[in-house]
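For clarity, chains are labelled A, B, C and D in written order, and residue numbers in each chain start from 1.
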């Protein structure tokens, strides 16, 4: 196997294209969990917003309406989660899992009811969000490396991809350098301290959940109206759990979470490339063995890094005023 | 009186863009033509398959079509319990005086797809995207490769699988991603055998201006102009025929393996891909088709235990 | 906190019933929108899942698997570990069981085959949980992450292996069927009224497992240490618990329990190992552990409820063409939502009603 | 003049518990007002009502003569009320600066204000002689320093009414003195201060007036000048408190625990303990005095098996303690406990109890393996009986063993822990901060228990930052500073100034 066989360029582009689903959801989870609310319901929110985005984009033939509708639904679900976690002081894991399961069923039922295509929406056709072609791409295309870099790695993606990448420094700034972030972290770490400092823990957590809802919706919208061009039942395929994994992996910090998301995207792309290729030592692995590459690598990285993850201290515990 | 008919889909469900859906279409055509209704159910697990078959058999149905190899064991068992009820098993083999088992020579149809792909490819690199690495999918992939190599021994065939779980059939994003990656490696024709995930592949081919080959039903019309052809597997016909025979009283038990000759599989040529199929391609494919039907070319079926020759 | 003021009958009976009704109400709405009659649907569901003996038998069959996966998740939760990997553990355990059967089903008698199969399943299930447990204990790798990863790895590995077990000439990605001796004795031998259903002695094994779990967790010294570890690691260390050993052992037990779930699914029903035979039972185990509060009675009730939904929902979609089978998944979600996550929804209202009465 | 704060008929109940009943009293502006009472008397509840945490069931609060409804802490802060809570309200993984800014950031962008606030904090620190680095992270700070951060927060926010709920529970005498310096400064600035404490000497030292509460009611409100410790104690507990508890003459037995050349390095190689050596004999109480954070906690952890030393010779009854060949302390506390070393941990909520367990379950924590039968099962009937006995003998209130221990007051939790360890009939008893946050009545009973144990021949190692407590209990005193033993004295040589010097690191000459 030579270096060329690996198609590094293709791997990188694929990494960039795959990462947004995880980045949006990962950042969503970050807001929720930094405020002290476990968000295992990312999966359900992604799925619901993927469906609604696609359905509305199809009905209106305008992808942006789709994105907005998806956002609305995702925010509604996040509010429900918040109501459970904050107002009802219920079990946050149960709430999240309930939403995941319910959405898996509901999206199918509704999609089937409206479109009669087996839980699928019709093809969005021109109502998809198309890739941005950077000006001058065609001209520079031929130049070795630089052309590829400009036209394919940096350019040639959907707006949502740029939004995802732009989000990372923004989230970092908000979490660490804004008043909102300071209060957010305090609520996740020691809500009693925040409360004593005159901060409404409940309000802060609600806001965090709303933001999580908004961010998560992009994940779903990206999936259905950018990547696929339609909605398919259960198309989130575990992305929510993977995003959560990236976040834990990243120790609840935006930049590291981002790296975790890229890592999954990267390993996934590597896995595609080495399928059917003669590998040194092991030779040609069956496709199904290759499928486990990203996950095995993740475990190795995790065990090797001695990633003693430190979750926000108050994560998962409803805030009750007396101690 | 009209026969009482039933159809049992497997976990993929009747809209799986694959054999279940095809079966549904066949049954629907029958219904439209004869106005005879049928009961349809989905069995989500092997345990449920047995349960539902028994349930339908108790209702004294005349014929039950069981779609998918997952129901093989259940059909075998329930058919014995209800000798008066007849069963059609699609994609699997069960023995009994009241069972008709129909399998398809997917390798033959895929061979034609391989020939067409090899002819249409400019880069001489073609791709295959399967749902899950199971014998059925490997049969497609191996037949495809055999056809392509028959055209050009040096042609490069890249194969990828979407995943390993049931989700692999419903992951269009991954189906698309695999296609992109293959295109990046120079592939310009890709054959998608991955249910719902394959839709992502077809879509991406359209976007990237490459060619794709559909599967199971005629998918040429999905993206006219970019779908080179479809490897059709006539589950619909099998179900339609079985229902029709039941109605006409000509139904017979037995084990049937349907290839090109029996009209079980074929390639699709219609107005949607007419422009893509040049006379040379058409000639070559039709030639191969004839050779297989005549027995001059023998396409290896890896399910018989043979290794894939290419 | 308000519930403390409520009488026991209200919290233990009235509130759960109200919650269940709420979930059903939402479901009724959806069914109505789908154009079917909610009352008829409910009747079908109840009849098929509990009234009809054959249906009940199926309900309990599914519940048997769910009890095992629910126990698996619960025991880990007692130690403060969130084992999301029951799905993969049960899947991999199916391999252990199958290898044992393929090796011995021709040579061993039935009364030995069953324990051997159970052992194979428990061993492989435990093995699959061992690595995440070990990494958590020794390397501090988050068990949530590693068990999720191990689910994916199990899926890939099992796919590779099962394909190799397919007898030549077969289409179905499944092993050969086991000899009849390797079938779990079915209860319909003794209770013919149950009909041709796969309910088998696994159900009793599940009940025994529940009892053992209950006794060990709440009555034994080890269970005491287990719970102490889950509630306060520092205090557990102070009390002399070897925390890393505890984590590893609990994960082994958890994996073994999940593994035993496969005995019911395979030896009790299909008699062969097939692709994706777990079908989400491991994930349902999470819901059951959470809803059942890791309490044996709670686990039992939730498992039966989910078994009933699986069975009843299946019949419902069979009878009502407008209701797709996926509706059941939605109902499951709604029930978890109302009965598990928002269990206190009606607490304040009930308190108000009771107060009014007291005053009036 | 208008009182700064006036409570009028405040009542508050939690379920069946009447935490406050018709509480009325007034606090003059610019005064320091003491609030004393037993654990659970309702002091914290009353203050929480003032700070907007809880809503009173009845009654009203007047600030500067005006009736105010305070719904939450935000409103309290806006009204100029500041509170230093019984348990620190700090976010551990944030810096001092961020903790101070939390809630009063002065704009959406933090960075814009960070530098300004940092400077302001440094100024405050100089002005009030507070030794705090604004950029330090809280979890790196000693409890004393954390306490100073709480004060810093209040100064920064310039609260005009300051509530301090047991601020001195974790402070050394010196730290307490410097806190009081600041309080006096505040008073001079015209601020009003409410001080809750269990240490009556402090009431006498600094307050102008004092209110005594018992069982949710005000028992008396008097000017400090006209009262004595005895009077206050009498009002609080309803009986006189014995200061000099009876004890047998000092007559130590054989050495039980010998420590020689003990060293402990942390992961970064920093010395936490160096050259520790001493001998503990049967029937004596050796007290380890020192400012907290100078290695006492680590010493206790090593001796109880919760932590491994880096090196050193430790002998128990002439045989080495089983550290050899271990790479981690997993399970070691159990081995030590079986040898006869009991341990009352300093941080009872973290180490000593499982809050979610009932009192009964907590009475077997650590001894679960000794009590199991051959099936590995615990006989909870017998354990309940044992627990009932224990609760009676040690006067644990409320006398209900099914209650979650987290719902007990700190003092009662402490009684349970001590009772549990005493019941094990140990040879050595390690006791860390046994009376932190505990009221005088309970202190008396805990001290009585410890002395009884000593008289029965148990060797007791006591870590305490309270010199009062050391004086009351110890036969010998070790003083620690910077991880070393800086001095050793017999109880006859007890001298606060000298001990103070040793605690500050002045070596024995």
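Methods note: contacts are C-beta pairs under 8 Å (C-beta built on N, C-alpha and C of every residue); 3 or more make two chains touch, one makes a residue touch a chain.
Per UniProt, the chains are A, C = ABC transporter permease; D = ABC transporter ATP-binding protein.
These numbers come from a predicted model, not from an experiment.
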Study note, to complete from the structure: Co-neighbours of chain A (ABC transporter permease) and chain C (ABC transporter permease) resolve to B, D
Revision key, fill the gap. Greatest Cα-centre separation from chain B belongs to chain D
Review point. Whole-Å distance, chain C (ABC transporter permease) centre to chain D centre, using C-alpha means?
Key: 46
Exercise for review: Give, as an integer number of Å, the spacing between the C-alpha centres of chain C (ABC transporter permease) and chain B.
Suggested key: 35
Exercise for review: Quick one: report the Å distance separating chain A (ABC transporter permease) from chain D, using the average Cα coordinate of each chain.
Suggested key: 46
Review point. Using the touch rule from the top of the page, what residues of chain C (ABC transporter permease) touch 2 or more other chains?
Key: 152, 155-156, 159-160, 163
Point to revise | In chain B, residues with contacts to at least two other chains | key: 13, 132-133, 163-164
Review point. Which residues does chain A (ABC transporter permease) have that touch at least 2 chains other than itself?
Key: 119, 233, 238, 286, 288, 291-292
Check your understanding: Hey, which chains are touching each other here?
Key -> A-B, A-C, A-D, B-C, C-D
Check your understanding: Which residues, counting only chain C (ABC transporter permease), touch chain B once they are in their complex?
Key -> 58, 61, 152, 155-156, 158-160, 163, 166, 168-174, 177, 196-198, 265, 269-272, 274-277, 279, 314, 317-318, 321, 325
Point to revise | Interface residues, chain B side, partner chain A (ABC transporter permease) - complex | key: 13-17, 21, 130, 132-133, 158-161, 163-164, 167, 170-174, 176-178, 180-181, 184-185, 196, 199-200, 203, 222
Practice item. Give every residue of chain A (ABC transporter permease) touching chain C (ABC transporter permease) within the complex, in rising order. Key: 84, 88-95, 97-106, 108-109, 112-113, 119, 233, 238, 241-242, 244-245, 248-249, 286, 288-289, 291-292, 294-296, 298-299, 302-303, 306-309, 320
Point to revise | chain C (ABC transporter permease) - residues contacting chain D, complex | key: 4-5, 215, 219-222, 224-225, 227-228, 231-232, 234-245
**Study point:** Contact set on chain A (ABC transporter permease) toward chain B in their complex
**Key:** 7, 9-10, 13-14, 17-18, 21, 117-120, 123, 223, 227-230, 232-235, 237-238, 268-269, 272-273, 275-276, 286-288, 290-292
